[in-house]
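Lettered A, B, C, D and E in written order, each chain numbered from 1.
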């Protein structure tokens, strides 16, 4: 293809297979080839800042706002969301099952069981830090039971299972993890459907005023295509292990 | 240039103890039969139908050869005749492709067997192109003693160096590459003399030696032979070999005569 | 290239200020790679000697297998050791997952083929007269082993250096088996991976420079040893 | 250890079915590592010869620098090459970021120290008479270079194998510089990293086995060559 | 065992062309002055105040020595005397630590200079312990021709092997390790003869040779000397050297006499 759009995105969109589903459709309908590199949100934003990509698909509203505010990005459009869940041992030794996420985290700060943190400045990590602050306990850095993993989501869940602890995860990765173990794993969802666990994905066009080489036209075409009703329906229909992963919310 | 830069040839008394290794017999007759030879009066080496090949080239073919214990045996013959091949067999470093080699009455088994390794300890070979370990002269000469568990090596090493006409004070601390060709040759020989081997095989020990040194090596060979060591020596220098050797084997085209 | 200068400045600051996180990572790196390299040499050098010295049936196959093992991706080694050490794995009861000794197991597996291949070649390519000389001077099996390794000591040193370089710079095994847990199993390289993943390139480069500084120090010490070991 | 069996089965299936994604990754891996290893040998072997053969002031320092470079973490090399090739970087105009040639640049940097260190040692430890023999037979500088490399050919081969192993199994550079873009720069190792990151361990192991199969094939071919090159 | 397993000594006619390298002069007098010597009638080698040291050990100290072009010069002396050291200087492989070495009237500059490399091409040295390249005999002997750009090496290689009394048909395809000590020694010499050097330096060429072969090497030395090559040869074998050499240098304790 002579029209190539370079995108940096977070691992979740690639790892779940959503983009593998969307990219061929996008090329078929618009003639634009979508090349994407999947990294953490932090690095994806850096790739935008250094003009190596044309468009971003990320999920860290605060960092995104700063990125746009600094003039690196334009045309931030929210496209879809999924949600986070807290998982922990099936026996629930800390007794947080059914609580709100704020209560759960307060309880966990008692230190009865390990809490595994992503610790990698990812969108998930950012949310977790926000939650600790909101509950008033503060980030329990340095505490014996607070394990800062610095790994991807899947490995963090696996570590959580090994250590018999609790962690926050996006639902998509959790579904994949469960499916991989054929439902026989030691972990289960303990907290979910709390509105604080909302995870918004947006696309941002790299500002052609800062990056002359950036293909803003193609980026806009991508954003428009993503927000179009047919693609939004496609996102809603995308299922992993028969479970929907993302809720489209463009224009809402 | 001061005097000690050149090797001085020191007097060697035949009674100099070569090394403090056990079982150095005063009676040569006993020596050859002592530790090694269970059935006595048996030749030290007996070769029967021994053949060595490389690919389809037969390089040694010895229907029958006995070598008695004790004394000095010379080996002569043209280049490529098979002398080195023969010596490596006698040193238990190579195995015959066919036939049987008996050492002190005992059939020599596979080279890698523990028994062969044990037998090999009583034999030593000075290679035609000697190799020095990448260490000092002292460590080279002491090596054979150290691997035999001898701790106190100083005297034996000095004695061995004197036997090959190298001044220990000059050479002990030299490193392996700080030697001339003839000096290296003599260090290698000293390393074989230090532990008083039962059988001393030498492949052209005088090839790069000056006349004086060659004469001293002859003296050393006589001295160890007198103390019971069986000496077998290859040389192209007839004038040197003939007065020394009690028996001379001729090896040519892989055949042994005499 | 601001990142480079930034990185250099940050590296100096981290070291000068005695940054606790950095020093923890340095210490963990040294502990894990130190244990592994010792194990690599202790296991790999004798094995390398065996396949370089002895001519046994299947030797060529073993040599090819070792050379192939040089291509083992660290992620896969990490994965295998992870599965081995994980709770449900065969060695799960040892509790080695997410610990420094656990990481060392994986790192040792990574380094052994390097030490083996290089030792085997050095021994095989050593002067043919060396073997004859050692045997005819009366060395037994063990003595031949040690004397041959000593004769080829510079090759062995390089094998050690190469294996160390591989071990200390890899990230897959440390990440999988160690888990990159801050204060516990976060090495310099997993920290670099984390920081660059965050997009904090200057800090990544700074940590890389710290690692190189350590490597330089160790190599200087080795060069001193090498000088002592003679020509 | 179900993953292992699963992985093996999957590997066979991927290869037998001619799975397009797998073959694309295989091809990209071969292209990137092939280019790199050729460049490594072409650059590293002569440089290694120079520092092993000639005695110039600062030679020891260069040797130590090369040995230290063996410890360069791939993430940092990846990062540096990324910054170099990045659009705003000094070589940004070449448009090599996220391409196979771009990856090869980084992989070559990774392999050169290995080839250099091993060649230098082999040349330095070669029989001292070799140099004298070549000179006295009338070889000029270039001829001494080639003849010495030929005499130490087995060391050079191992250097190539070791560098190839390092290049083909690394993931940091390919990930940073290549970007792990499907059909374009996704190598076997970045695919493994992706799959294990997703938790699909069996597929990760399967791809690892595919990589080893390729390595085995190449080593078998090399063993054939080696046999031809005589003892 | 068939006949061709052993090297057969072939008859060598002195007119056998050693190698098809240019500037083989029929007139020996012209040869020695031809290409190399710009100012004629100058000695080929002139040493003035030349000193070689290893550490603080002076191993060669030559206040003054001239060696004329042409003819055969013998070098004798005890082990460690400095003979090999001298030959390596003359072969332009080592540089004097002090003093001046002139070759064909020209002061020899730094060893690594292009001019020294050029001069070195007309000199060759048979090392005391020759080294064979890890290749076939053919490739070893042809090497000196190939590096000089000679493509058609077959005849010269055969001629050189015959000169050292090795049957080309037997030995050409042998690999370097398939040789006895004396055979290897002769292959190394053949490699030096093949390209018709201007100066042939030999360090104990007969050390491991049988008597016949040694005599053949003497013949070969005479033949090349007659065709203009300057031959300088170290030997411990006085009986072999004396009838051969026109002049004999004695090297002992680093001093050169005669």
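Just so it is clear, a contact is a pair of C-beta atoms (placed from the backbone, for glycine too) under 8 Å apart; a residue touches a chain by one contact, two chains touch by 3 or more.
Being a predicted model, the structure only gives us computed values, none of them experimental.
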{"item": "Chains touching both chain C and chain D, listed by label", "value": "A"}
{"item": "Neighbouring chains common to chain A and chain C, by label", "value": "D"}
{"item": "Pair of chains with maximal C-beta contact number", "value": "C-D"}
{"item": "Of all other chains, the one whose Cα centre sits farthest from chain B", "value": "A"}
{"item": "Whole-Å gap separating chain B and chain C, where each centre is the average of the chain's CA atoms", "value": "44"}
{"item": "Gap in Å, rounded to a whole number, between the CA centres of chain D and chain B", "value": "49"}
{"item": "Intercentroid distance (Cα basis), chain E paired with chain B, Å", "value": "32"}
{"item": "Where chain A touches two or more other chains, by residue", "value": "155"}
{"item": "Chain B residues counted as touching two or more neighbouring chains", "value": "129, 177"}
{"item": "Multi-partner residues of chain D (at least 2 other chains)", "value": "127, 201"}
{"item": "Interchain pairs in contact, sorted by label", "value": "A-C, A-D, B-C, B-E, C-D, D-E"}
{"item": "Chain D partner contacts - residues on chain A that touch it in the complex", "value": "6, 11, 14-15, 20, 35-38, 50-52, 152, 154-155, 157-158, 173, 176-177, 180, 211, 213"}
{"item": "Chain B - residues contacting chain C, complex", "value": "88, 91, 93, 117, 120-121, 123-125, 127, 129-131, 133-135, 143-144, 147-148, 175, 177, 191-192, 195"}
{"item": "Sites on chain A touched by chain C in the complex", "value": "39-40, 42-47, 119-121, 142, 147-151, 155, 159, 161-163"}
{"item": "Residue ranges of chain D touching chain A (in the complex, touch as defined)", "value": "86-88, 97-98, 179-182, 184, 194, 197-201"}
{"item": "Chain B-touching residues of chain E, taken from the complex the two chains share", "value": "1, 5-7, 54, 57-59, 61, 77-81, 83-84, 128-129, 178-183, 186, 203-204, 207-214, 236-238, 252-254"}
